[in-house]
């Protein structure tokens, strides 16, 4: 009863279907033995009864192609943002003219992504992810292939991916406590095209990663340049304390990166931890279409940069906290070496009793799963309050990009593991050389769904 | 024999697979009882026979994660269009020079979309749809999340979606009788970023919807602006007569929308119910790359607009008809209030006996399913003839955008529920202030496939 | 006991799932007969025993909607490329200034595609494929619907697709021996919007195809133009020898195409069989962002072109070879008729014993499947060495686009059927009228994953 295998040079087989199929096979197998036995019981007694039940040879089924697998995944974040700036802030951002620095309220999709992910073979996985909301539209996000166990238990990743540097940068953007990453994100190499060796201890008490890449990679994953254009990054993390879920966890981590940019320049800048914008003809006359960078070095000539990062994170019961300090040490061809610091600390607490799970494979905090999701059977979801202080100083020597402190209060409502509403109130305290100190208050909310 | 559930933070489980799995489980269950009985029959008689068939405890299978689900869906429309204009029409569109208003024949993809849709939880659904043929490439289409039963039986939708205004606008573009929506579509807010409460009676005799949104939303779902930039829309529909499929149906509906645009201007315009175009260097010298708007107010300063709409639709046997009348009442800051009308009426008849099904959840006509699809078992599909009159008057007071009447004859061949060929002949009668009356004849065909 | 079919206006049912479901149904059916028999055996003897096992009526299961099906598929190619040019080559490409013709090393995604493919009905299939790495971003790739058996056993394809002309052009870009197609690819109409009739003998010894299309189609599948803008292409292939896998195969083919371009011009050009580039602000000052065309006619006025192509391919054991010769005969409105030739020949050999399978439906070579894929159970994959000579002469009469000869040595490592690493060394020998002869050496590697 052999059949020829179906032509299947590509298939989609979800975990659930696989599980269902296994579950059924198990029942069928049980039935088979039961059936054989009961019929054996019958036929043993009545030997004249025809033995018809069981083919003497076990039917052979063709081995089936298991690979490649492909799963459709993605998410979107719809934001609404309101701004309240003092006059000094508008003048600072408008180059002295308040009307040119008046950030407009608005609504926008911050991120909207579709991706295919799966296995090409039992030891090869992949991701092909595009973002449709970023400039570049679509922009290349995670586009890589992974080969397992290339060097001991370390895996090799080739393609474009987030370079291993910083806990905040490596936390999934689907799983962040606040709407945006903290201000020192400005220094991170983040997504570049290259190759990485990475792994973790089997008990998930430590992770390591080292990568080489081309820099700067454009929004489509490309980079050219004969004079430099390379970088490397590495990160080590470990758990000092790991008493199990909700019983106490202390994470320590460190990162280092060296970058020699192809275009011999850097530009560090950041928005006040919120973004909203519009493209095309519908923007009101003279209005700013996008939230401007509050601090900005402008592009400046540089030979290379050394980046340093330290991580500390804690979790106990429904409380967790995370902090990082970053330094960029930049060598200028015709100027002094710059040292630019950034730091942040944040904490969160679940009013509804959940804990913030730790992702031991990546050395970051993971997804929040409500104890009682809002659904057809009731439930109020998970409610979380959180606060953050965030700091970035882009003033040193000849570079005067400004200094920004942000204080954020956050309220998150997780309806279920895949749907959440987030509310952020941000108080941004800016100090820019020419225009001095100024403040902005920002109210932002987000609806996020991922799948 | 409990197993730990498989890791599945995302899966694809189609309706068919679910159905197949249920069907098999049913058979297995039947076999189990049969097997137990037959072996019981045996063992009842021969009590010494070993009872091996049935584990005393029913094996328990782990509860499986059901969410999120994701289904890949989409469609494309490949059009070929030919134009025959009189000289006056070419001169009108060319600003007095016929060669500049000579619309070129062509072929193009009108729409090409990929989307993910599914459930994030038992009460939360979503859609993330991109169009690759529209300017913006890709452009945000339906990108929203829905929460069921938020206010009574009403659902809440958050994100970008088609605002509830107009039967033609809310009919799926996969399921339209003609290639394009009728001329009054020019007034509709259509897809904007916002939030909507909507629902329908359980017996599907009535629908309601009310939404607030930012306006105008760009092709990537964004809008900014401090001075206005808001709108609302609402729609009510009901069935006066609903005798069941093919036995008579009368639909009534009404809509109202108020819009205060962020950029304090409106521009109403429309093509003659057909579009084809080319981008980039291959366009012949001096030729128009895209079908121009036949009527066009140009962008003009406006405080706000009040939109009104009335709907009437009928179906009886293989015949159906639909008509709408729309008014835009626009307040100008330094000019008189404008009243701009539009209307259309169309009717269709299936030569092959099908009926046009009504979608009672959305208050629009739905998908055509041929009685005998063209396939390996024969069948000629569904054949439909249809006609439409369509009207848009953009002349009032200081705004002289022109007046257009379109007559369309259509022939649709539905090979199966997901594949159709459409043929439209359009006679466009234009009256523009400076250039007077002119005509164009348009021949258009479309191949459409959706999945 | 009929149930209404589940709502499923779209589903994903992979071959593997289908196969698994069939396999289970088969087992269930076997169990059913066994169960009936064993219980019959019991009850035959004890006629007083209650007959409970089998419902007298076989339960009927509802016919389920099978269509449409949708499968998520795609692939990406991540390239790293290094260049070594002589001074004459830099000056040639830089218009006399070496610094302007110095091609930069780089890394980039050459192609990155997502597609939906499936069946809309038992006789209608489709593909909707977008490339996110090409200019256009995303660009329309294969976007078509196919109807089976429209004219005899020939199928009809409507939409955008690769026009039937040339073996190299019709070989899947996932399955090429080298990183890029050979130089004569410059002449091919390739992807255009149109319609095609195509088919093959049932024994797969011959294929035929004829197509009409609009030309030139832009990156979004559109074309306009009243004065021309049409083309046709046809291809015939056959196997002279077909002794079965690895035992000897000889393929012959021919193609013809006529093109009357909408914009009355052609431009033939090609890069030296490698491409890498960057977009946006990160490109070093004065550096070339993309690999320039080595040979280039520039855009020149033309009435039409006649294209001719001859194919020859062989396979024996682990060895295979393929060669094509192409001619473009171009009519100029105010100049002599041009005859531009191109040709290539390549050969490959598997060190690990595989054979290069022939795709008899399309008349091209197909996917390489390693005998022992690299995986959790060991295996070194398939290793292949290959060489190519490639030639394109764009000099004739008033058109002096240059003449290029490329020699390529290739090494391919197929880890499994869906993952490969490729290494190409290319020696490009250029002869351009003004600047004379020059050379470039190119080292390129690729990581490719498809699903």
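Labels for the chains are A, B and C, by order of writing; each one numbers its residues from 1.
In the analysis below, contacts are C-beta pairs under 8 Å (C-beta built on N, C-alpha and C of every residue); 3 or more make two chains touch, one makes a residue touch a chain.
Please read these numbers as outputs of a predicted model, since none were measured by experiment.
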* Roughly how far apart in rotation are chain A and chain C when fitted on CA atoms, stated in degrees to the nearest 5? -> 120
* Tell me whether chain A and chain B, two copies of the same sequence, contact each other through the same residue numbers or different ones, using over half shared as the line for same. => different
* Go ahead and note the Å separation of the Cα centroids belonging to chain A and chain B. => 33
* Among the residues of chain C, pick out those that touch two or more other chains and give their numbers. => 12, 17, 21, 24, 28, 31, 35, 38-39, 42, 71-72, 114, 137-138
* **Residue ranges of chain C touching chain B (in the complex, touch as defined)** => 5-13, 17, 21, 24-25, 28, 31-32, 35-36, 38-39, 42-43, 46, 49-50, 52-55, 59, 61, 64-72, 114, 116, 118, 120-124, 126, 128, 130, 136-138, 140, 143, 145, 147-148, 158-160, 193-194, 214, 216-227, 229, 261-264, 299
* Structure fact -> Listed in rising order, chain B residues that touch chain C in their complex are 12, 14-21, 23-24, 26-28, 30-31, 34-35, 37-39, 41-42, 44-45, 71-74, 76, 78, 80, 102, 104-109, 112, 114, 132-133, 137-138, 276-285, 287-290, 367, 373-377, 415-419, 447, 449-451
